[in-house]
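Common to both upcoming complexes is chain A, partnered first by chain B, then by chain C.
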Partner chain A sequence: MDARLRRVNKEIADCKNDKTSSIKIEMIDESPFHLKGSFVGPEDTPYAGGKFEVDIVIPESYPFQPVKMKFLTKVYHPNVSSQSGAICLDILKDAWSPVLTLKSTLISLQSLLCSPEPNDPQDAEVAKHYMTSRGSFEQTARYWAQIYAGAPGGDGKAVKQVDDEVAIAGLEKAHVDQFESLGFPRGKVIDVLRRLNYRGANVAQITDDRIVEELLK
Partner chain B sequence: MDLGDDFKVSSKGKRKSYEVDYDSLSQSAVEKSMRDDAEHIRGILGVENDTAKLLLRHSEWNKEKLIESYMDTPTKVLVTAGIILPEVDPQSTPTPIRTQTSNSSSSRRPTRSTSKLLSSLSSGSRSSKSSSSSPTNHYSPPKVSKLSKSDEPFVCPICFDDDPKLRTMALSCDHSFCSNCWTNYLASKIRDEGEHYLRCMAEGCALVVPDGFIQSVLIPEPGAPIGDPAEEAENAKVWARFQELLVRHFVGCNPNLKFCPYPSCTNTVSCPSAASKLSLTTLVPIVSCGARGIGGQTLSQSQQSLGLQGKEHLFCFGCPIESDHRPVVCPVAKMWLKKCRDDSETANWIKSNTKECTNCQSTIEKNGGCNHMTCKKCKHEFCWVCMGPWSEHGTAWYSCNRYDEKAGQEARDSQSRSRASLERYLHYYNRWANHEQSAKLSVDLYAKTEKKMEEMQITSALTWIEVQFMKKAVEEVEKCRRTLKWTYAMAYYLAKGNEKELFEDNQRDLEKAVEDLSEILESPIEPENIPNIRQQVTNKTVYVQKRNEIVLEDTANGFLDGRWKWNATVDGFDDPDPSAIAL
Partner chain C sequence: MVDAISTRLLDSVPDPTDFPPQENAPGLRKLDSTFRCTICGEVFDAPVTTRCGHCFCSGCLRPALALKQECPTCRKSTNEMHIRPNYVMEEAIMCWGESRTYILELIKREKEAAEAVSKAKASQRSHKRKRSGSTSSVEMLDCAPGPSSPRTPRRRQHSPRKHKAVDLTTVPSSDVDEDELSSINLNPKPNQIVPCPLCSKTVAYKDLNTHIDRGCKDFSKEKASETWSKILSKPPNKQKGKQRCYRKHSDSDDEQPLPLASYATLKDRQLREMLGDHGLPTQGDRSLLEQRHQRWVVFYNTNLDRSLPNRKSKSALRQELKKWEETHFKVKKPVVQDAKEHVKTHKSEFSKLVSIARGSQPQITSTIPSSVSPQPMSPG
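What follows is the complex of A and B.
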C-alpha cells in the first residue's frame, strides 16, 4: 500500500481513537488527502472555549514535505491572516520534520494561540494592535472567538448590531463616533482608524488632522 | 627578450590584451579540489573525512576561519555544524513525538554499550529503538541494523510500517527510521528543494546527515539484494544531483570560480584575475567553459551537416550577461542594457510623437486639426508649432509672428533638449539593435553558406578543405558584429573628445570591412569567378579579423591605461567631468 495513504489513514484512526484529546480530524469527502481538523481554544486565552476549524491539504510528498494548513474559522491573532486564515508557523515551513503528524501540528496551532509571535507576523495590523495595547487586542480576539468560533461570551447577544463592526475592528466606539460625526461614512472611519492602529497609547500620538487627511484621501 | 615564458599563458600562445587568463574545470576537477580541501582539513584537525566535509560546508569553504575557530572551540564548532549533539540536560529538550526522547538523548554518548543499557531501561516506552552491535562513537558512519528479537517490534515513526524485516538506519543521535523513509526524505530534500545541508528527520534534531550516510541510503552496496531498477536509477540520479549541489555550493563560496550559466552544463571556470569588483573596470573577463551546444538538445539538420557542435559556452565572468560583451566593461554594459529595457518602444513612441503641455506637462498627441491646442486636462491653450501660449498669437497665428517670444523659446528649448537626447540614444540603439539582429540571422547565413560550399565543390575543382574559407568568413562576420554591437553601447557613454573620435574611427573601419565581407558572402556565385571570390573572401576575412583585433585591443588597453572618460556616472570609475555629462 502507498506509504502516504497508510500513514494518513493511521493518523486519522489514531485521532478518532483518542477520546481524551480535543483534537479532531474529519474527512471532507472521499479523499483522505483533504481534511478538516478542529480543536478547542486553549484555556486562559481570549480564544478559550471556541471551536477552531482548520483546512488540511496533504501534499503529494507528505510526510517529507509539510502539510498545508489554514484556518477556516476567522481568528484575530498576529500570526494568522484575519482575511484568509493563512498561518505563519515555522513547522509548516522550514522547521517541518517528517515525524510530525497532523495531530501534533494541530496541537502546535493550538499552542500558537497561547503564545503569539508578533515580531514575525502574518497580519501586520493585528500584530500592531497586539504590540500597542494588549488589553484591547485581547478584547477583540475574545469578541472574534465569540462570534466566529462560538466561544461562550457573557454579553455576546447584548452587543448591538451597529457596534459589531467597531468591536471586530478592535476600536473604541467613542473614537469612531467622533469622526463619524464630522460627516464621514462609518465604514471608512473604521477602515482608516484600524489601518492607523488608533488604539491605546497611539491615540495620543495620532493627531485628528492626520486622520481627517487619511479620511479625505 | 621574450617575457612570455615568465607568465602563465593560455594554450593559444601569447595572450592578447583583451583576453583574460582562465581555466575551465569539469565537475570532477572541482570535486577533486573539494576532496583536496577536505583532505587538508582532515589532516590538520584530525577529524574524519565526512566531518571535514561538513565542517567545510558549514564554514562556506573558508579554511582559515574554520581552522582558527576549530582550534579555539572544537566542540562548539562541531555542534553548530550539526556533527555532534550539544551536551544538555536531557529533560530540557522535549521532543513531543518520540516518547523515549530523554533516553535516546542521554544514550547517544559516549558509546553504544551504554546506549544498549539505556535502551533496555526504556523498554517500557511505546516505540522501541534499534540497536547496533558495534561500539562506535558519535562521528560514526551510518548505523544500519536489524532489530534483535528481544526488542519490541520496531514501528517506523514516519510510515508506521512494522514489518519485522524492516531495515532501519539512524545517525549518531539514534533517531531510527526505516530505510525507505530515509530514501524518500533525502530524495525530496535534494531533488525538490535543492538542499545539500540535510538534517535528521526527528523534530528539532540538529544533526546533519553526512555524505557517507546519504550515499549508503541512495546507492545500494555491492552485493545487496537487487531492488526495483527504476527506483535505483532514480536514486542514482538524486545522488548525482547531490554531488552537483555540493559543487555548486563550493563554486558559489569561492570568488575565483563561476559556474557555467548554460543550461545543464556542469563545468566551472576559474578566473582569479576577475575575482574582485575593482578589476572589472580594467578588463572584460569573457571566458568559455570549453563545452559547446546545449546538453540533451539535438542539433538541427543544417547545423549537424555543417559539423557544428553548437555554440561555444561563452559568458562573462564578471556579470550576469550571458554573452561576449567585449570591448565594453561590465558596469557600462549593464547600464546600457538597463537603459534599453527602460526606454522601451512605448517610451520611444511617446517621446517622438507627442509633446508635453507647457503648463501641466501632460503628454499630448496631436491627431489632427489645427495648431491651436487646448490641453484637455488644464485647459491651457498653446500653439503646437512654437509651443508658446496661444494668447500671444492673437488671430494672426499663420505667420507665427511671436516665434521669438521668450515663453515659446523656453518651451521649445526644453522640448528640443528632450528630443535631442532621444535622438542621440536612438542613433546608438538602432545600430546596436541592427547588429544584434544581423548576428541572430547568422544561422541563416550559415545555412546559405553551406549551400554555397556544396555548390563550389560541384562547380569547381576545389575540395572540401579548400572551401572552408567560406565558413571561416561567416564565423568571423558573426564575431565582429558582436564586437560592433557593443561598441555602440560604449560610444553612447563615451565623453566627447579625441579619444572618442579615435574610438569611432576604429569602429567605422571595422564596420565598413564587415559590411564589405558580408556583401560578398551574400552575392551569387558564378563558376568562372570562384577563384576570384575565394581570393577576395580570404583577403577580406584576414582584414576584418585584423580590424576586430585593433578595436578590441585598443579598447582593452584604454581600460588598462584609464584612458576612457564617460559622460555619465559609471560604477567603479571616477565621476565624469561636469562639462562632459551628456543630455
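What follows is the complex of A and C.
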C-alpha cells in the first residue's frame, strides 16, 4: 500500500475515533481520495448550528501538495464563493504544510467562518456587503445557513418564494419593490442592486438614476 | 459496500488507537504517536532532526524541504544542510517495534481473561452485576513495562552491560536482585575476568591495578598491535578527514549525501550519465528520468541517515526505486509515437474489434486488449 493511501486511511480513522469534535469525513465513492467532510457552524456566528459539507479531493502528491477543498453547502461568506463554493484560505494554497491533516484543515475552515477576512476576498460582492453593513450581512448569512445548511430558527417555510430571493441577495424588500414598480423585471432589479451593493450606508450614496441606468443596460 | 471497504482498509493500518484510551492505559497512545512521523503517520523510518528540533522521517522531510525550505511543523526556515540523523530515536523506535506487539498481546490477553472471569461470574451468580472490561486494562498495565513502572528498573534495562560495574562501586541500591548480589565474589582469582570499577571494561583481576594505574586506557596486546598496524598502513588522509567532519556521527568514510540536481541546466545525456553512474535504468522520457533521479537522491540520502548497521545495500535501494516507479507510473500507457505504423501493426486487432462492434455483441469489453487505444478505430 502506498504512503498516501496509508496516511489517508489513518486520517479517516482518526476522525472516526474522535468523538469530541464535530468533524466528520466520509467516502463519496469507492475511492479514498475523493471524500466529503462536514462540520457544524461555530457558535455565536450567523452560521451556528448549520451543517456545512465540504468536497475533498486528495491530489497525487499529497501530503506534499495541499488537499483541494470546496464547500458543497452554499455559504454566504467573504472568503467563499457564493456561486461555486471555492475557498480562499492560505493553508489550502501556499501556506500548506505536509503536517496538516484533513481534520486540521476542516477545523481551519470552521474557524474561517468565525473570522472572515474581507481584505482578501473570494467573493467580492459578499465582501462589499460585509464591509458596508455588518448587520445586514449577518442577517443574510444567517438566512443562507438556515435554508442551505439547516441551521435552527427562522420560519423560512412561511416566507413566500419572492421574498426568499430578496433575502438571499441580502437586500431590502422595500428597495426591490420600489424599482420593480418602475416596470423592471424583479430578477433584474435584484441582480443590479446586489451588484451595486445597495445596502446600509451605500443606499444614500447611490442615486436612483444610476440604478435605472444600470437597469436599462 | 463502501463502509466494508473502508473498515477493511482501516483495520490493516496500525495506528495509536490500537491502544486503549488515555484513561485506561495512561501514556500508551501518546507514546505510540510520538514515535510517528507527522508527515506520513508511520513509525519513523531513518529519523532526522531539523535545527528547530522537530523530528521526521528522512524520506518525508527531504521532499518537503525541496518544495519549501521551512520546517513543516513550526515553519522556521531550514534546509537540507541542517538535517541531522537522530540515532537515539532510531534505536528507540526499533525497541518500540518489538515491544509494541508484545504490549498489544498483553492487553489482548488481559482483556480475554477479564472477559472470561466476568462470564464465569455471571454464570455463577446471575444476580451480580457484570464487571466492566475497562478497569481490567489498568490492572494489566502494572505488569507491562510501560511508563508507569518505577524509574530504576528502566535504567537497568537501558545499559545492561554496565550494570554490574556500577553496583560494585556504589552502595547496592534497592533494585539489585538477590541472586546478583550473591554472585559478586569479594576475593576473585587472579585470572578471573572482572569489570573495572572505574570504566566498567572487563579485565583479568591480576591486571586490574595496572589497568587503573594507566588511567583505564590500556589495550590488550592484539588490540594494540592492530591499532598500530592501522596507523602505519593508512597514513591519515587530509581530504577524507575534512569530508568526514560534515557527517562526523557516521563511521563510514566514502558515503556522502548526494547533492540535489538542478535539472533545468542538465542535458538529457548528462542526466542519463548521472543515472548510469548509480547503476539505474536510463530509458524513459525526460520527466521520468528527472523523477527517477530525484527519488533516487531521496532514497540514497535517507539511507545515509540510518545508523551504519541499519543501512540498506545499494541494490536494495535500487529495488525500492523500481518498486516506487512501478506503483507511480503503472497507470500511464505507452504513448503511440507513429500512428500509421501503429495502425499497420495492429490492423488485425482493429478489424476484429470493428467486426465485434458492428455485431454489437455484449461481451465486447472482455475481448478488447488493454493496450489498444480507441482512436485509430474511427476510420475503420
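One rule holds in what follows: the second predicted complex is superposed on the first by the 216 of 217 C-alpha atoms of A that agree within 3 Å, B and C clash if a C-alpha of one lies under 4 Å from a C-alpha of the other, contacts with A are read in each partner's own complex, and residues count from 1 in each chain.
To be clear about the criterion, contacts are C-beta pairs under 8 Å (C-beta built on N, C-alpha and C of every residue); 3 or more make two chains touch, one makes a residue touch a chain.
The model shown is predicted, which means the values in this text are computed figures rather than measured ones.
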Chain B and chain C placed together on chain A: clash or fit? clash
Counting residues of chain A touched by each of chain B and chain C, the higher count belongs to C
Q.
Quick one: is A:104 in contact with chain B, with chain C, with both, or with neither? Answer first, second, both or neither.
A. first
One more residue to check, A:17. First (chain B), second (chain C), both or neither? second
Quick one: classify A:64 as touching chain B (first), chain C (second), both or neither. both
Note to self: If we overlay the two complexes on their shared chain A, which of chain B and chain C does A:6 touch? Say first, second, both or neither.
What the structure shows: both
Does the superposition put A:27 against chain B (first), chain C (second), both, or neither?
second
*asked:* Just checking: does A:140 make contact with chain B only, chain C only, both, or neither of them? Give me first, second, both or neither.
replied: neither
Regarding the shared-chain residue A:82, is it in contact with chain B (first), chain C (second), both, or neither?
neither
Superposed model, chain C vs chain B, clash-positive stretch out of 204-212, 312-320, 348-356 or 366-374 is 312-320
Residue overlap on chain A between the chain B interface and the chain C interface 3, 6-7, 10, 63-64, 97-99
Counting only contacts in the complex, chain C reaches chain A at residues 1-2, 5-6, 9-10, 12-13, 15, 17, 38-42, 60, 63-64, 67, 70, 72-73, 75, 327
Chain A contacts chain B in the complex at 3, 6-7, 10, 61, 63-65, 91, 97-101, 104, 107
The answer for chain B against chain A in the complex is residues 96-98, 157-161, 175, 177, 180-181, 184-185, 188-189, 192, 201-205
The answer for chain A against chain C in the complex is residues 1-3, 5-7, 9-14, 16-17, 27, 29-30, 32, 63-64, 97-99
